[in-house]
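Letters A, B, C and D name the chains as they come in the text, with residue numbers starting at 1 for each one.
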Amino acid sequence: MPVVKAVTCPVCGSLCDDIELTIEDKEIVKVKNGCAMCESKFLNYNGKHRIRKPLIRKDGKLVKATLKEAVRKTAEILAEANYPILYGWSSTSCEATRVGLELAEEVGGVIDNTAVVCHGPSLLSVQEIGISSCTLGQIRHRADLVIYWGSDPWSAHPRHIERYTTFSEGRFERSEWRGYVAKIKASIGRKKIESVLRRLFLKKKPTVPSSYLEGRVCPTISREGRKLIVIDVRRTKSAEMADYFIQVEPNKDYELLQAFRALIRDQELDVDKVAGVPVEYLEEVSDAMVGCNFGALFFGVGLTMSRGKLRNIDAALSLVRDLNTRTKFIIMPMRGHFNVAGANTVSTWQTGYPYAVDFSLGYPRYNPGETSVVDVLMRKESDAALIVASDPVANFPRKAAEHLVENPLVVVDPHMNATAHMADVVLPSAFVGIEASGTAYRMDHVPLPLKRVAEPPRGVLPDEEILRRILSEVRKIKRKKQVAAEAQ
Amino acid sequence: MELLVKNGFVYDPLNGIDGEKMDIAVKDGKIVEKVNERKAKKIDASGMLVMPGGVDIHSHIAGSKVNSGRLLRPEDHFKDFEPKTPITRSGVGYSVPSTFTTGYRYARMGYTTVMDPAMAPLEAKHTHEEFNDIPIIDKASYPLLGDWWFVLEYLREGRIEECARYVAWMITSTKGYAIKLVNPGGLETWGFGHNVRGLDDQVPYFCITPREIIRGLCKVNKLLNLPHTIHVHTNNLGKPGNYVTAVETMKCVEDLALENKPAIHITHCQFCAFKGDDWRTLESGSEDIANYVNGHSHATMDMGQVIFADTTTMTADGPFQFALYELSGNKWVNHDVETETSGGIVPFHYRRKSYVHAVQWSIGLELALLIRDPWKIFMTTDHPNGGPFIAYPKIIAWLMSRKARGATLKKVNPRARSRSLLPSIDRELGFCEIAIMTRAGQAKALGLKDKGHLGIGADADIAIYNVNPETTDPSRKYKSVRRAFKQAANTIKDGKIVVNDGEILKHVGGATMWLDVQTLEPIKITEEMKRKFKEYWTVEYENYPVTEHYLEVSRPITVKADV
Amino acid sequence: MIHLYPKKEFDLPLIAECINPDVFQNETCEKIEQLKIWEGNSQKKLGELFKVEENQTASQPEKTAITIYGDMSKVRKIGACMQNGEIMIQGNVGMHLGEEMKGGKITVHGDAGGWAGSMMKGGVIEIHGNASDYLGAPYRGSSEGMRGGKIIIHGNVGSETGAHIQNGMIKIYGSAGQFAGFRMRKGIIYVQNDCGGRAGACMTEGTIIVGGLLESVLPTFSIEGVRKKAKIEEDEVVESPFYLFLGDLTESGKGRLYVAKEKNPHLRIYERLL
Amino acid sequence: MNENAKLQVTLLTGRTIEQGVGKERGKASMEYMESVSVCYMDPEDLRRLGVKEKANILVSTNYGSVVVKALKSLRTPHPKIIYIPYGPWANVLVDPETHSIGMPSFKGIPAEVEPALDKPLLNMKELLKEQFGKE
């Protein structure tokens, strides 16, 4: 049975590229090294929810159509629109996004990627503060303090800790669980380890302080080696692995971050508690931050989505920047979709801006809040929509989705999702990273190749190719229009 | 297709042509002896300058760092944009332009070859993806190798030939063009937030000094027979007193030079020509550097000229960028790359009225004018570090005209003005010297045989500028010279007319040049290397190299190495 | 005096930098109708979308005045960069009203969209309804906020009012959202009623006066004392006791945050430090 | 059971590994639906509400209300904080206000929970039909 090695996993922003797939009769039958989400994707991608034929809405019902008809219909919708939106892009290849940007420019539309509802605020804050960051290997080799804030890697990026941070083996810093994992690895399979570890952590006594355990003595972070701190509104699975957990009151992250900033500048605070956490606990953590050799702060959408949004990130970026005058510290957003970083990257090199790019005046304009897709929808301004590899009906607030489904709506996706159900044209596409090759960018901006390991269903094309066909059809329509206008 | 450029004043220094009125014939993208005059498309260049297409040896135009700079500065693009036309793609400009705009703007100035000087090997795919979206101009990139763990370890152990083989593997795998060193040793040290202070400082944990790295890679460069020398951004860059480091860096490879051939390129030399103990006592170290360079033949350099404007500094020199952040308080990006290198970005505004900035401005021009041989110093702004490349015509005017220098000098910080050497320098460069500093010399230093000249067989990359050397005295009429170089009358790329009067006529894809370094015995990827790979990087060995599929227009250059 | 009447209800966003007294000045109606304006992704003439009428008046100031009747909430960049003259809008107006305005006056009898008075350098903007977010704030990535002039809002405003303000005055007679005066460097922001949390975050200098309830004071502000009154401008002083906080400590700032004592009993805990 | 029990809470929405796995199986799959039409609550709050685990509850915010299945949270204590994974059910409830930065407020929204034993839990199709009138 052929085994394909070094496959890049097209699920989350960790972009693990050590997946081994066993292929039998052109089907993936076994997945090695992957997490639960990875396995689920590789083993089930071709299930019964797959779209295999293009669909066009006729008399209120989606009916089968030819690819040519569907492309033609899509091109007509886009070419006639006065303010179309082109949204998605973070679950497809950079190559497809590249064509998508050209299409957006051609039709004078607004092109936005899912970062807008994920780490868009982080990008806005980077644009004000900058960011002290690095590739993940730096953290593996050097970090002796790792903090996850508003992020639950155990659930959203399951192998992050093992591959890149606390449990990884670096040149200057050892893995915390190496002995442990190695011993168990020898006797039982990898899958079991995870459950063993999980059970272990659950058994571990909560040495964690929280606002609900007041009156206890402030625990100290004195352990040698790599330390793990988790800060979150809930005690997540990741929190249970941590050496130190701080439970912050919902919507109070900004206050906590600012308090840390003041503390690392040796400023005194007038208050005893911040965000429900006694200041003495914070002092303990800020000492750990200043005292480490190399610290890393990972933050998730817990910061970008709660009250304060971009300003939470502003404070986090500033905190890390300030820490660099005392020690080495880096910060990184935990990017969700496997190629959301790539979508931002391509958009930036072609237009100067990472997302929410408005081409309606013939050149790129950028102002999230004005040119971002949720706002455009809330103001009911768009008059057509192309959704590529995303499911906004399932991800946007209902009010925004309402206007979206009123627009002539085209969906390019391998699966029948909520948005596809509402669409006027549905174009089935190949799974990028399984049935189509390309490039994706990891959360630290390392580009990795996506492999084609299986054949797409007959007649199903990759996003890149579908978009090229739409683009060329749009150009044909526009040329015809121009000729007609000149003839008049 | 055949093309005939008629009656221009041709400046082709590599072929000894200095302003002769002659025709240039082009066929199938190459310069040829002659073409059928009746069939060929003719360009009337009478009363105009005809030069080889411009070559830029050092300009940050693509890759992860440049793109982070773009991302960081929406306010930089906000008012400088280019709308889509039926021919061109849209984009944004100023100090970090988007890819399409970068290609168009270079082409409009008559430039056809640009080298991106800093590519983190791990992120090489990114650079190449962007290259595909930079139209018209040919490109290449230098991988950053001065702090790569393999280099540090093999050099420490004295295993120079093995080091050379790995460097060869790396250049070929990343589709790179030359060995780039940035603050050698300092970037690894920056991994824990520190820096090296000089050529003989130890790199923590690696027991090697910057001097050993520079000498080691210089030897490697020779063993591999690479077309360009090592390309060095010195230690202590941007620190007062660093001209000593620059001179020492050149000295340290003096004995490695062969038959007067260059062995080292010191890049953006302006930034390492500072004399003085601190910013207050800063003065120009250009004379000391020029004296050294005038007396030796193993070093070339480029200016790194400062332009008074708001720009975005970006280098792989992480500690330097952090120092710049502390100095300016502006936003700061740091990006360290595992086992390889680092990088940083800080927006920066060079102001006429600032003493330090005015001194820097003066240093760049002093270097270019005090170094007698134009084949040794090339015109750059270290785009965008000293200023955006669109300012090149201004620099040409300053170099060609005392009056132009005087006009700017009048407006700068008085203390800097009184200390500037410029008033004492009478030298004014001619068009031939400009042609050397902006194309011929750069192509020669890069070892690009088909570029930078108009001899038979050369690539038909030609720039035509609307200024008449017989009737225009550049010393007095520097403004018309500036105008002419800003918008080429025509730019011809691979025999196609791509620009007419500063307007883009064609969107063609430029090629990506890279070295296919062939070692005597092919590089064996041993189990040891694979093991090391797993330990050092967080990506799999198979996913590391840049496959040729990433290069839309690939132009490999085969190099036979001696190892 | 020029009167503009929208010919239809707008659905698409419009970019209308040309609606500016400096542009209209000394132009005939016919010329004004020819001015370019963007509706969605197509370029139109002003006359296609608006009825343009001229009202002959003798006095100079009125000549350079523009009055717009109707809902302009989709129309952006009205009065951008204007230096002289007057614009009056009888209705709501869209984003970027008076962006980078240097002089003159804009009056809105309705609500205004985000970024009103963005990067303003001089002149006056008076809005009788509400204004949205980023009032007077700079463009993305820039820290060059409002530098001068005056913005008066009679209704409520959204979040990040006066972000990065470097000088000038913003007076709000209603309530304000979160992060008023974010990274403020100088100038005055007055909020007569309630104010969302995090006022003055990262401010280094300048003054913020909150007359109503301030949701919370950031932990990085320290109490300086109680003041009997707070001065907004020469002839406008609020006489009521205020807590005075200094901050933001994270930026070693010396910004002054006045919070009305009576309306904010939750801040009484700070009194033990006085 | 207390019919009139109503609880004022803070709603968080976010990712769970179950939702991640379900998503990759296909957005129309049972697994996906079952992973996103739930609400994780502190057991104390369930008790206060007088409902058992897996009972239907009605969650309401200023922006809408939807029936989901109550689940006991393992990550306790977090009284008065409820958690619904990203998906069409959560979207009915979240605050669309972006504060002019493009990002709606997905976390930390004031909400109200009440028992809804008599109200059905809609499937994806029914929910979309109810919300958008399209299928």
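Here is the rule we use: a residue touches a chain if its C-beta (ideal position, glycine included) is under 8 Å from a C-beta of that chain, and two chains touch if they have at least 3 such contacts.
Note that this is a predicted model, so its numbers are computed, not measured.
In summary, the chains found to touch both chain C and chain D are A. On a Cα centroid basis, the chain most remote from chain D in this structure is B.
Of all chains present, the one whose mean CA position sits nearest the global mean of protein CA atoms is A. Note: centroid distance chain B to chain D, computed from Cα atoms, is 57 Å. Centroid to centroid, with C-alpha atoms defining each point, chain A and chain D lie 22 Å apart. If you average the Cα atoms of chain A and of chain B, the two centres end up 35 Å apart.
Note on chain placement: the centre of chain B and the centre of chain C lie 46 Å apart, centres being C-alpha means. Residues of chain A in contact with two or more other chains: 124, 127-128, 307, 359, 361-362, 366, 368-370. Each of residues 72-74 in chain B touches at least two other chains. Those residues of chain C in touch with two or more other chains are numbered 114-115, 133-134, 139-141, 178.
Pairwise chain contacts in this structure: A-B, A-C, A-D, B-C, C-D. By the touch criterion given at the top, residues 99-100 of chain D touch chain C in their complex. Only residues 11-13, 15, 38-42, 74, 76, 95, 114-115, 133-134, 139-141, 143, 178-179, 182, 198, 201-202, 216, 218-223, 248-250, 252, 270, 273 of chain C touch chain A when the two sit together in their complex. If you check the complex, the residues on chain C that touch chain B are 138-142, 144. Those residues of chain C that touch chain D in the complex are listed here as 114-115, 132-134, 158-160, 177-178.
The touching residues of chain A, counted against chain C in their complex, run 81-83, 107-109, 124, 127-128, 254-255, 258-259, 261-262, 265, 267, 269-271, 274, 307-308, 311, 314-315, 318, 322, 359-362, 366-370, 379-381, 383.
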